[in-house]
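Chain naming follows the written order as A, B, C and D, and within any one chain the residues start at number 1.
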Amino acid sequence: MTPATLYGLCAAALVAIGLFGLILHPSPLRKVISFNLVGSGTFLFFGVAARRGAVAGFLGDPVPQAMVITGIVVAFAATALAVALLLRMLESGAPTVDGPPEQPDDLSP
Amino acid sequence: MSLAVDLVMVLLILTAAVWTILARDRRDAVIAFIVLGLLLSLVWMRLLAVDVALTEAAVGGGATGLVLLRACARLLPVEADGALPGLRLQVAVGVLCAVVGACLAAVILSPPEPAPSLAPAVAAHMEDVGLKNPVTVVLLAYRALDTLLEKVVLVLGLIGVWALAPDLFWGGRPASLRAAVPSGTLTFLARVLPPIGVLIGIYLVWNGADHPGGTFQGGTVLAAMWLLVMMADLGDPPETRALRLRRLVAVGPALFIAVGLAGFGMADGFLSYPPGYAKPIIVAVEVALALSIAVILGLMVAGPAAKEPDQ
Amino acid sequence: MAASGRSTTRAAVPGTVVRFLLFLLLWGILIGPAPANLVAGLPAAALACWVSLWLLPPFGQTLSLSALLAVLVRLPGQSLIAGLDVARRALSPAMPLRPGIVAYRTDIPPGLERDAFRALMSLQPGTLPVGEDADGALLIHCLDVDQPVTHQLALEEARFRRGTGKGSHG
Amino acid sequence: MSLLLDLFTIVAVSGGLFFFLAGTVGLLRFPDTLTRLHALTKADNLGLGLIVLGLLPQCPDIVSALKLVAIWALVQLGGATASQLIAEFARRGGGER
């Protein structure tokens, strides 16, 4: 077995673990974290494909590598948006298992 | 022997992942996720993808972890938020997820032969552009449209975050990032480190043309320095309505689009570079993009406006 | 921390140049000596210098470079002693630990100078600053409170203050 | 000469690994957060220092050697401040949950 194959199996396990948390966790924040796990597993898949595509003197196929870089940044943007949405939802009193947020000290003018 | 190292890495990663899901306390889950991000960046080194390793460490573990930790601090401590529903449901979902995982594993174990690769196409492109880092060539020349759209996604994401501010606060400052209790140690770090970080951020951008590094990695380092200064209370988050700030957000994508449109007149079409001038144009676009990424990432961590704008 | 305004500006000009050159040196270390890289290196060092001047305005006191260097040169040796000390305690079956917090009264005024001293102390053998009490004394966590910690710290403080120019300055 | 340098590298890097091991043992054995912080910062700082020292003769040129030293210095700064931040947090009872 090559290291790339081993990490491919690890990627499959990461996706499965993340999916488990995404479906079962009642708390929205934990769902966001689980979703990021699924994302990490998917990126690792691309990494394995890139490593296998090492031809023409390259250490890896640069196209999937560039896509993963793009993907990591987009995943960050999605996470930041989701967290902001979640905090706003709790501030406006939506009932969730996370309970109401603490009022930030500097909210009042 | 070398496979043993990989095996240990995989076991550590899976432990961190399981802990992320099973931890009772949400802060423990976030910390496990940050650890996972750092381990994954080591894996990217093992897969010889240094550019991705840098991005994973800076954005995947670092910036994402910071956003999640801030969210934890803003939520009331709840004892058992890791409580999963009943055992029967857990088993059912567990089986479902195991099946999905097994299918993916089967794909990994029966790969297509020969392995598909676009590397030769990129190699052909590299000579036209004159850059030595293939990943940068893909990001800014071979598949530049993807990168441009991703910048647009970043700007839209920031607008989305800002749009979540209550109407009263629109255009005001985000909630302060300062630590709950002021710490001389943090202030010391925030006074000494940022100049060095700025230099390293610029180095990553400049070096990215020919070596691992680039706009994302450098921009994230710059954003981290800005956030450190704000956390140590040496500077407030800026008003989100400030025109200068909004120009910084837009300068990278705008220059990228302008260069792309100029390609119609001066080269073969959208986002193609005139022969001979590709490298200086790409470096200019990269500098502008790094600046915009730094500002966007910092503002995304800071969150929507939480104060009324000054009169 | 800053003395009178006039002496600050007079000391600031060479200080700024020194900082700029240090950042340029760091740039050279990062990217190598190729002159083509100076195109980015000069503005980068200038920007870093500007950030540094903003966050860390020049102090109105003269630093004694030789004395500061003496403090820095001692760091690797102290790192060795500190590491050996921890390794001995961690690996010995009896695990000889007498942990506790010692209050240490320092003459270094609060601010950057004290923070720098605290950072330095955290690299010393057996000591870890954990905060300050209400009177402004430093709280130091020690692995072994039987060691003459306070005496040791007083020696370090004297060395440190020679570097920051307070020894002669008053 | 090069054999001597290689030997130096092997000895120094092995020493560095030993201190990383000792720091980890301390992390697992020491009784509370503050003592564990001692184990981590002191032993790992020395471990990294020895590894950097051992790798210096293997550098192809002076610039890469200086780069290694710069990395060591940055980690010292990071370790010195991060350990204090965690210590302050732990002393305020943040560690007990």
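The working rule: a contact is a pair of C-beta atoms (placed from the backbone, for glycine too) under 8 Å apart; a residue touches a chain by one contact, two chains touch by 3 or more.
The structure presented is a predicted model; accordingly, all values stated were derived computationally and were not measured.
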TODO: Give me the ID of the chain with the smallest distance between its Cα centroid and the all-protein Cα centroid.
DONE: B
Task: B-D or C-D - the one linked by more C-beta pairs in contact - done: C-D
- [ ] Could you please state the distance in Å, as a whole number, between where the Cα atoms of chain A are centred and where those of chain D are centred?
- [x] 31
Open item on the list: Centroid from C-alpha atoms only, then distance chain A to chain C, rounded to Å. What do you get?
Closed with: 39
TODO: Could you put a whole-Å number on the gap between the CA centroids of chain C and chain D?
DONE: 18
Open item on the list: Suppose each chain is reduced to the average of its Cα coordinates; what separation in Å results between chain B and chain D?
Closed with: 28
Task: Residues within chain B bordering two or more other chains - done: 185, 188, 192, 196
TODO: Could you list the positions in chain C whose residues touch two or more of the other chains?
DONE: 26, 30, 118-119
Task: Of all residues in chain D, the ones touching two or more other chains - done: 77, 81, 84, 88, 92
Open item on the list: Please list each pair of chains that are touching.
Closed with: A-B, B-C, B-D, C-D
Open item on the list: With touch defined as at the start, can you tell me which chain D residues reach chain C in the complex?
Closed with: 18-19, 22-23, 25-26, 29-32, 34-35, 37-39, 41-43, 45-47, 49, 63, 66-67, 70, 76-77, 79-81, 83-84, 87-88, 90-92
TODO: Write out the stretch or stretches of chain A touching chain B in their complex.
DONE: 1, 3-21, 23-27, 29-30, 32-34, 36-37, 40, 43-45, 47-63, 65-70, 72-81, 83-88, 90, 97-102, 104, 106-107, 109
Task: In the complex, chain B residues that touch chain C - done: 184-185, 187-188, 190-192, 194-196, 198-200, 202-203, 206-207, 225, 229, 234
TODO: In the complex, go through chain C and note every residue touching chain D.
DONE: 26, 28-30, 32-33, 75-76, 79-80, 82-87, 89-91, 95, 97, 99, 101, 118-120, 122-123, 125-126, 128-131, 139, 141, 143
TODO: Provide the residue numbers of chain D that touch chain B in the complex, in ascending order.
DONE: 74, 77, 81, 84-85, 88, 92, 97
